[in-house]
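Here the structure comes first, spelled out in structure tokens, and everything after it is commentary.
Each chain gets a letter, A, B, C and D, in the order it is written, and its residues are counted from 1.
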Amino acid sequence: MQDLFIYKRQIQFGDTDAVGIVYTVRFFDYCMEAIDAWQREYLDIDWFDMVDKRRIGTPMVKIDMSMTGPLARGKAHITLLITRVGKSSVIYQLHGRDEDGNDCFLANFTYCLTDCTYFKPIPIPAYFRPIMEDYHQLSLASNEII
Amino acid sequence: MQDLFIYKRQIQFGDTDAVGIVYTVRFFDYCMEAIDAWQREYLDIDWFDMVDKRRIGTPMVKIDMSMTGPLARGKAHITLLITRVGKSSVIYQLHGRDEDGNDCFLANFTYCLTDCTYFKPIPIPAYFRPIMEDYHQLSLASNEII
Amino acid sequence: MQDLFIYKRQIQFGDTDAVGIVYTVRFFDYCMEAIDAWQREYLDIDWFDMVDKRRIGTPMVKIDMSMTGPLARGKAHITLLITRVGKSSVIYQLHGRDEDGNDCFLANFTYCLTDCTYFKPIPIPAYFRPIMEDYHQLSLASNEII
Amino acid sequence: MQDLFIYKRQIQFGDTDAVGIVYTVRFFDYCMEAIDAWQREYLDIDWFDMVDKRRIGTPMVKIDMSMTGPLARGKAHITLLITRVGKSSVIYQLHGRDEDGNDCFLANFTYCLTDCTYFKPIPIPAYFRPIMEDYHQLSLASNEII
């Protein structure tokens, strides 16, 4: 079986706060980067081209995150799953761990594809949908979804 | 009746993304700043002194946010409410609007007070609790809570 | 004599690094904010409107900074001076201090006004120039310039 | 001859500003990351361990940067050179280019090694110096230094 996508992100010195651990808000940056990295690898497109070439807007409409442990050094390992592929929206689930496999956060990012002119939801384009659905099946089969 | 606390945050040019609106993750930065600003005004303490002087850790344990509209220019107006004061935890609710009063986001930040040595939850200190509970009552009376 | 403009910036918990002081790169964010704040107050325009309404691009072309002391808590006080008003360019000098007046950094930001279509330098517009030149005179008279 | 170190940095959607190009201050973040990446590869240490394990402080004391072109999409390619190895200080020079090889910025970062207790300059440790000097020779031989 194909492996789930794991985004490995070097923790930068400036990502931490005065307590010496990664500042909570940086987790959200890491997740956005992970989603963009997945889209570049699987959909062969980044957020810039979504807007510039496809004229697709991709606003986040809902985000939730539970923080389950501190993250301090080395690389964050962020496993990406797709838990839902709707008509216009996709839900990415992101499991953040440190290099030793300790849980740091669990998040769900719901985003909606829109046209860039009227900002109305549009159906997920045909060249994205099967890839997203395949990855959704892979995610379901992985027993990683929470 | 006392007014709810509103944190007014100048939107910086670097806060926006290539679409020209505030990048979603910056909303979380704005909320953290709003909570810190409230704590400085109401509890007379900032996060640095929480750690340095009181030896209190304040990890966020859960965050959720719904994005309800774009935010682009001027000042973000973030209304802060307290929706729950628990034994060790507090839930802040944050309503983000643009200068014209249009809704941009609605978020809940749950954080937990801990000791800085063993990272175990501690009861909310006596010098914070009544202030938080008063503000919780004010929040309830405001009809703003969602 | 009119006072020099001082931008007072609350240091956020996430601005610091694992050593517990403000991460060097944040100084540059603070300076950009200070310049924008000065322009809003003196020129009655922010960077968004420069681009959107005036069709003026404002790329930084040169920045230098000396770090002279750590910055850790409270508000950064950033004094803004204008050290040169050229045909198309302006040099802002920024003196960063902590709340007790200790020096933290000294920086020069040179930026160039351009048209937004061809990215060529344009003369500083007539509605900005006298204000900039007055402030330049004020800066010279202040004995603060280094 | 050994190649110069090039740090390739994915440009994130949130790194750009309302004009759609990378916000100037992000260049400084990229450079700090490049220096840290070089140190991890060549000195086998990151900034966290510098402080935690070696008790070495590494404050930047001077930074200058010329911006020579916009950076918008794809990966930034940042070539790192060492232009000087002093008693306590090192000067890193960083050449930023876009994926097509167009110049974006040229920067010099001077940093000073200090002890973490008294913040006084210390001689560059013996286990770092020869590596830095070798890389300095490589930089000189590269004809890349400006």
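What we mean here is this: a residue touches a chain if its C-beta (ideal position, glycine included) is under 8 Å from a C-beta of that chain, and two chains touch if they have at least 3 such contacts.
Being a predicted model, the structure only gives us computed values, none of them experimental.
Chemist: Answer with same or different: of all residue numbers used at the interface between chain C and chain D, are over half used by both copies?
Modeler: same
Chemist: Comparing A-B against A-C, which pair counts more contacting C-beta pairs?
Modeler: Between A-B and A-C, contacts are more numerous in A-B.
Chemist: What whole-number Å value describes the gap between the mean CA coordinates of chain B and chain C?
Modeler: Here the centre of chain C sits 29 Å away from the centre of chain B.
Chemist: Indicate the whole-number Å distance between the mean C-alpha point of chain A and the mean C-alpha point of chain B.
Modeler: Whole-Å distance between the two chain centres: 24.
Chemist: Return the distance between the CA-based centres of chain A and chain C, expressed in whole Å.
Modeler: One centre to the other, that is 36 Å.
Chemist: Give me the residues of chain C that touch two or more other chains.
Modeler: Residues 13-14, 16, 18, 25, 29, 32, 47-48 of chain C each touch two or more of the other chains.
Chemist: Report the residues of chain A in contact with chain C in the complex, numbered from low to high.
Modeler: These residues of chain A touch chain C: 13-14, 16-18, 20, 23, 25-26.
Chemist: Can you list the chain C residues touching chain D in their complex?
Modeler: Residue list for chain C touching chain D: 18-19, 24-25, 28-29, 32, 47-48, 51, 57, 59-67, 70, 119.
Chemist: Chain B touches which residues of chain C in the complex?
Modeler: 10, 12-14, 16, 29, 32-33, 36-37, 46-48, 72-73
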